[in-house]
């Protein structure tokens, strides 16, 4: 994976393990994501893709292994208040976009965006709203600012969710199947926004089933199966010369129809 | 014996005062029951374990025994312990805590019914646990549970009549005073019922407004 | 008030589980135990002394009236509530308004006011005197029927339209459709709400002490006036109600389980 010499990578995962009861979801994951790199994680459902993403944002706690963000450890053996402070500070540097959008239905679009800058970064209302308006323009829906989430289409909601994460000026963006809950005609508008983000140099990890997007935009495609990263290659190589049988099988199924 | 509602005219001052105190009691106890209800719900959901157990027990006591009895205990029982609280405070405390237990149950269910994604989204934006609760979870839980909470508040209005037994001159007590002087129970109770009905309508109108506003933000 | 029901307000009361029962008893005894500087007089309800035992017997002698009046009230008000609910389901506005007027008026009057009116007001109008027990019973029945009617209405309305259509397609008339198809299904659904309402009635029966029904609360009041120990006596009274409520909750849960098994079979 590409890594500018002399600079620490943005994300480093070493030996990450996680089990839910008897089910081992992550069985020793190693992954390095450099600054500005875009990694697409693909693989069959239940392979641990989402869990890995959630662990990076500390929504899941690892059983073993370590994760570093910009050289700082994400998973520290902290408890209580100290843990809370550490995790909050960390999450402010990581933007996350969920499959189900998870917009706050009781707040207007503008307030959805302004909430975290106000509460977590201490901006006043005016500054926060100005910031929110800027990012709404970036996802091309400034005119929806006063509406409530339920009044928007799925594609618009997901773009609001992306803008909401960007408002915290994160160092890295995590996307957890951002287009899986969308109607086909809305997928493109969300992917377009993500492509623009990539062109601006944002570091991104995207769990997705959109092979077209992965091929066009990603620097690296990581194929996960049964809690392991089986292959991690640049798209051109991955789609033509995947070495493992499982990756080939997955590709033939997905590209077959 | 025919009906003669003109006797009420002489007592309109007393009845109006009774209605006033019923309204004051209801509003104060409603505020207390909501505030305490939220605290109890939070203690049960996120509080330390040593706190959750006695809180749950106390809430169960308040729901499992008659309100009348709780009023007796707070007013007469605490006096026996040497804690003398004014009768009005005892009334507000009794009503407020009784309904706080019910409200807590409703609010807890409301918080539990929210999708996990809401809390995760708030936390992934870097909001603290408290901030997520205050700005994201609670507003939604209260909005979703507005109808049953409103139902509790209307029940509170009616059960505020019970504080007459510890000697607060609210509506029923005022009516009883009129009756003891005129021996006209029928007229006075009808009048009291009518006032309750009006207070009830006012409250439902107010609740309806709140619910419609909550509904609009869906 | 629409679909908002008192049942929602009672939410939770009948759902006190067995584990919670233990917590309740523990809390109650903990409250009893934390004394501060106050010297408790638990001897008034201590079964090991002759005085205590006779006090307990006196307090428990109200149990029969509380249980009898609550059971009678529920036994009569449940069918009455169903009867009141039915016009509320009619298509005709005028028939429906019979249900609305009854329910709205009864529900907006406090039970205490209703009871005082029945006991002291109604005899003047009718020229008959009621015993305290009769007045109390009438009050509980009238009040409970309005709440029960709302529970029934909500329950019946929650039954899928397809059930009505299927029953009608089989040629059942209104009475048979309701009796054999709709109401039995509705009862299963509303059983928890009915259970809560029963708990509510048992607790509300305490206000009958005010017109002089010799139930649990009245007995406690009487004892308090002879021995000035309200804290201990009312705490004991709390426990009496708590036990009654726990028994009802357990009964309702049993019934629910039994009905669910029946449904699976």
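As written, the chain order gives the labels A, B and C, with residue 1 at the start of each chain.
Keep in mind that, in the parts below, a residue touches a chain if its C-beta (ideal position, glycine included) is under 8 Å from a C-beta of that chain, and two chains touch if they have at least 3 such contacts.
Bear in mind the structure is a predicted one, so any value in this text is a computation, not a measurement.
Closest to the middle of the protein, by Cα centroid, lies chain B. Each chain's centre was taken as the mean of its CA atoms, and the one lying most distant from chain C is A. The pair of chains sharing the greatest count of C-beta contacts is B-C.
Centres computed as Cα averages put chain A at a distance of 54 Å from chain C.
With centres defined as mean CA coordinates, chain B is found 46 Å away from chain A.
Centres computed as Cα averages put chain B at a distance of 19 Å from chain C. In the complex of the two chains, the chain A residues touching chain B come out as 57, 59, 84, 87-89, 91-92, 94-96, 98, 100, 102-107, 115-116, 119-121, 148, 150, 161, 164-165, 168.
Within the complex, the chain B residues that touch chain A are 115, 117-118, 120-129, 131, 135-136, 139-140, 143, 217-218. Touching chain B in their complex are the following residues of chain C: 1-6, 8-13, 16, 20, 23-24, 26-28, 30-31, 36-38, 105, 108-114, 116-117, 120-122, 124-125, 199, 203-204, 206-207, 209-210, 217, 224, 228-231, 234-235, 237-238, 241-242, 245-246.
Those residues of chain B lying in contact with chain C across their complex are 1, 53-54, 56-58, 60-61, 63-69, 72-73, 76-82, 101-102, 105-106, 109, 147-148, 150-152, 154-155, 158-162, 164-165, 171-172, 175-176, 179, 185-186, 189-190, 192-193, 196-197, 200-201, 204.
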